[in-house]
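Common to both upcoming complexes is chain A, partnered first by chain B, then by chain C.
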Partner chain A sequence: MDIATLAFSALYQFGDAFAFLVLSACGLAVIFGMMGVINLAHGEFIMCGAYVTAATVHAGLPLPLGILCGTLVAALVGVLVELLVIRHLYDRPLDTIVATWGLSLIATQGTLILVGSTMAGVGTPFGSFQVGAYSYSVYRIVLFLAALAVLGALYALFNWTRFGVLARATIQVPHMAAALGVDTRLIYSLTFACGAGLAGLAGGLYAPTMTLVPTMGATFIMEAFVTVVIGGADVFLGTAPAGGVLAVVKSAMTSWQGQLFGQIGLLIAVIIVVRVLPKGISGFVLRERT
Partner chain B sequence: MTRSVVRGLHAAALTGTLVLTSGAFAAENPIKLGVLEDQSGDFAAATIGKVHAIQLATDEINKAGGIMGRPLELVTYDTQSDNTRYQEFMRRVLQRDKVDVVFAGFSSASREAYRPIVDQFNGFAFYNNQYEGGVCDGHMIVTGAVPEQQFSTLIPYMMQTYGKKVYTLAADYNFGQISAEWVRKIVKENGGEMAGEEFIPLGVSQFSQSIQNIQKAKPDFVVTLLVGTAQASYYEQAASANVNLPMASSVNVGQGYEHKRFKPPSLKDMYVTTNYIEEIDSPKSKEFYAKFKAKFPSEPYVNQEAENSYLAVYLYKQMVERAKSTKRDEIRKVIAQGDVCMDAPEGKVCIDPKSQHMSHTIYLAKVGADHSISFPKVWEDIKPYWLGDAGCDLTKKDPMAQYTPSNPPPKP
Partner chain C sequence: MSVIVSLLRRLEGPQTLGRGRGFWSLFALVLGGAVAYPLFSDGYTVGNTVYFFVWVFIALSLSLIWGYGGSLSFGQTAFFGIAGYGYGILTINFGAGYGFTWVALLLAIAFAALFALLLGYFMFFGRIAGVFLGIVTLAVTLMLERFMAQTAGPEWHIGAARLNGFNGMSAMPPLMIPWFDEPIVLFADIGLYYVVLGMLVVVYLGLRVLMNSSFGNVIVAIRENPERAEMLGYDIRKYQLITFVIGAALAGLSGVLYTVWGQYITPSSMGMTAAALPLIWVAVGGRSDLTTTVIGTLVVLSGFQALTIYGSQYALVFMGVLLVATVLVAPNGLVLGIINWITRLARRRKQEAA
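Then we have the complex of A and B:
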């Protein structure tokens, strides 16, 4: 087997792990990393996006539009959840754990009762391609590109747009932002919706590749939390390098010793990073700059 | 619908029940059957049908006069795909509800979690599920299929058809590990070789690296012993990466109806040995399927474990009637006679007195490119012989243990 094949396969596996970590984590990076809401219902926002995507594709929409619908519905649900529950708990971060955990149980069981124990899949588009002895799924490359695009879009949103500046100001010093005439409640709502929508997007993107069941969110949540925890508070500067580091560890360990060691490696990497950089990677990067 | 109409319906339903109970079973107290199955969580897709099957059989039996004139009453708990719930609810049904018999468990981890409690409180449990085999316990009756029924048929067939290099992809817990040991043993006995093995932790849903490992090993076919809905994502991901290898399994299709849930052709060339699936085209099977669908029209699939659970209720009825008692010791005396048999939807089944496991008709189900099912081969009356041959004889001694090929019963 030649070097190019090996290099491509390593790169592909890295990209695959990176996409999964980043897409799982982006929504949580906004809601937990930025806003400080420990959102245990993150997986259920992902499930919501996946279910809506699959349902709209079954109804005849093309997949990209289905994913868009999934994203929007998850964002709308996010607005509702923020209005009804999260809004009242911003100064009680620990209580958000209980509230969002309850929401996640309600969402999982509610879906089971209303939609049933499974939903038919939609099939992965684009087929496969061959490099050397291995064949690969094209859609996995699409997922990697989508992860990069989401990171780029988040960077642009929070650094270059008026909404981004207002959101960061509101979250850093809410009373000062309010004194300057910012509608902080609206900003909180929109930021939460943005996080929920990103979770929905992750669900929509992964819907064609996975079993659609009410508990599917649970398979994302561990990866999402560890990525955000070691990433730190900044969505772009945290999630991107955290996803990169963890993807290298995970793909290398999995290819060396299998899935179990991939998971063990991931958790050991997290422990080391949290020990060395208590404020996460973005805390480290930002301190270096100033 | 207005309030009063709803109330009227409630009243009608209530009186209906009252008429039934007072008419048929005035003086008799019910026989209580505990049902511990996963109605939510990761395994729910495969197990809700088991609860429905038990309800179906119970309704039929009660309509026909119950067991020895006593109605059968279900005490059902949702074990939530969680092993600790099994332990809690097993204690509850045995100690508080004081049931006569318990039907419990999907995953082997849950069975091994509750089995010591059944032994401790001297209970009586049915495990109506295919599994990795080897449970030699007088407190248990197993109606599901075991490796000598599923693998001794499947693996040689696959090796003859596709070749001798085998790769196993199995769930990383007792079921997957012991089943993989069986596959290894049978492959070796048939002169094949293991191209590779990987164990996947439960709950893992991303398989890119495993898919590449399989391609690297170049097997002739892959044995997929993946469990739970998260791991079922493998098929879609393998198909989209164009792995294109035949697959063999003892758990797929027959439990999780993956061929209905995924878009064709992701399960193309999947071969499964199962003792029942709804596609089986015999009069008995069709009759069972029709009854099931009449009672539960929205049931997504009538699977192997639903049939195992259904026939288990009838087997229990037969044993209680013959023993004239619900006591386990009396029932085991009936089993020891060696002729507890019935005509089940799959065909004739009998309980083996030595192991308290069941003989089965084993159907080889093949999934086509359009996800239709065909049956290239059927093995009739395959006995659960391994435990008996290895030295487990529950008519003489009850070790309450689980054995494997590498850990057989001690020689006397």
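Then we have the complex of A and C:
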């Protein structure tokens, strides 16, 4: 095997890991960064997105529309959850974790009862291509591009739109924003919906690549948590670079010793980073800047 | 002598509910009932009660770390699993003769505590707190479950003990008390019942003493306001780490007893659902008090078991609803809320009378 195919293989694995980390984490990161709330039901929003996507595709819609439906349904469920539960717990962040965990238990078990232990999957589109001796899935490249697109779209949303400006004002000084006439409750609702929608999007995008079971959320959350802990509260200064660093760790460990060691590598990375940079990468960058 | 008296005085204090002659006579009554209970019941029901008691230790550990210490740990089931597997590995390799099962129990707990020391060092000395602590401990727990679940192959063994992947380990010997001709084997009925009941009473009273000592007061001060506790000159990292390790040892005790009780342990005892259940008992009971934690655990567990008979799928949904409802309606816990309400009512009655 020559250097070029080896390099491509490493790059492909890096891109795959990066896409998985960023897509599964950005919904969690948006909610955590804006409201300081860790949504333990994050995995279940991902599951919701994947299930809705699969159901709509089975009903005859094309995959992109199905993913859109998954995203929207997850966002709607997010609005509902925010109204019923999260809204009452903003001043008690630890209790939000506990409550969202209860929700996750309800959602997993409820799905098991309503839909059954598994759901027919969706085939992976686009087929594969050959580089050197190995064949690669085109869809994984699409996922990588989707991760970049999501980061770009979030940047645009938070920097160039009126909602973004109001949302950032609300993060910085909630009382001042409220005094200036910003409806902070609405902003929080919309942000939570946005995070839930992103989780649904991740679920929809990954629906064609995995088996659909009620506990599938658990496959995502560890990676999502690790990325958010290492990244810190800011999506662009935190989640994106953390995704990059962790993708290197994960793809290197995975190709060396297999999938499990990729995950163990992530865990060791997070424990060390927590000791050295307790506020994550974005906390470090922001402290350097001031 | 004076040391013992001063320890006994710590049995009641500001950090624990219940004081005075009334409380302790009730305590003696309940204890007497618990001691007499196997006389009126059959072996199976007594064994089932031991199963409930086993879980009380992990609930108490969570009450200590979360309720008193204010740091939410999802890692208790990880320590539970480590100690459980540790006991299995040790006894399968070295047998159960000469009272070794008790050495294995202590070693397994020490192993869990050591793991907690390592993990806790990185977390508390990195000064992470609040929600991050919860996430990191949860990630560790899930990772351990995934790791143990993939150890199905024959290459995964420690000495003579196969780890057996998702099916878990089984056939480890139960606890045995060495005796003159023949050791007394503690199967999951009356024998084990008295041993576990004894441990429960010792741990409960010991924790009461600990929480009412100056150490416990510092722990509560850290929960109320970490900065202020630090300004008063306490190294809060050390106090948090020690609490975390004690909690891990208690969770480990729970894990060993669970393994001993059923003579098996599986990776799913460290999974998401397993990690959620202790949290529900403690939250519903009232996390910031030892007594309400014990009551809540026993009540919710027996309720859960009763529900499971009619439909185990719905029982978990109900547990989730119970947890969300408790957090929204009675953030301090249902049992603690009810007790506080009664004492307030009684006090008002007394004031009106006066």
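Before moving on, here are some points about what is shown:
Assume the second predicted complex is superposed on the first by the 289 of 290 C-alpha atoms of A that agree within 3 Å, B and C clash if a C-alpha of one lies under 4 Å from a C-alpha of the other, contacts with A are read in each partner's own complex, and residues count from 1 in each chain.
Everything below uses one rule, namely that a residue touches a chain if its C-beta (ideal position, glycine included) is under 8 Å from a C-beta of that chain, and two chains touch if they have at least 3 such contacts.
Predicted, not measured: the structure shown is a model, and the values here were computed from it.
Overlap between chain B and chain C is detected when the two structures are superposed via chain A. Contacts of A:Tyr134 after superposition on the shared chain: chain B is touched, whereas chain C is not.
Applying the stated contact rule after C-alpha superposition, one finds that A:Ala199 touches neither chain B nor chain C.
By the touch criterion stated above, A:Ser9 is placed in contact with chain B alone, chain C being left untouched.
With both structures placed on the common chain, the touch criterion links A:Thr209 to chain B but leaves chain C unconnected.
Of the two partner chains, neither chain B nor chain C is touched by A:Val249. In the superposed pair of complexes, A:Val276 makes contact with chain C only, with no contact to chain B.
Contacts of A:Ile31 after superposition: neither chain B nor chain C is touched. Contacts of A:Ala120 after superposition: chain B is touched, whereas chain C is not reached.
Contacts of A:Val85 after superposition on the shared chain: chain C is touched, whereas chain B is not. With the complexes overlaid on chain A C-alpha atoms, the stretch of chain B that clashes with chain C is 168-176, out of 168-176, 240-248 or 348-356. For the contact definition in use here, the residues of chain A common to its chain B contact set and its chain C contact set are 108-109, 112, 215, 218, 260, 263.
On chain A, the positions that touch chain C within their shared complex are 32, 36-38, 40, 85, 88-89, 92-95, 97-99, 101-106, 108-110, 112-113, 215, 218, 221-222, 225-226, 228-229, 260, 263-264, 267, 270-272, 274-276, 278. On the side of chain A, the complex with chain B involves touching residues 9, 12-13, 16-17, 20, 108-109, 112, 116-124, 126-128, 130, 133-140, 208-216, 218-219, 251, 254-255, 258-260, 262-263. Interface residues of chain B, counted against chain A in their complex, comprise 40-42, 44-45, 48, 172, 198-201, 203-206, 208-210, 212-213, 215-216, 229-230, 232-233, 236-237, 239-243, 260-263, 266, 298, 300. Residues 70, 72, 119, 122-123, 125-128, 130-132, 134-136, 138-140, 142-143, 146-147, 150, 272-273, 276, 279-280, 283, 313-314, 316-317, 319-324, 327-328, 331 of chain C touch chain A in their complex.
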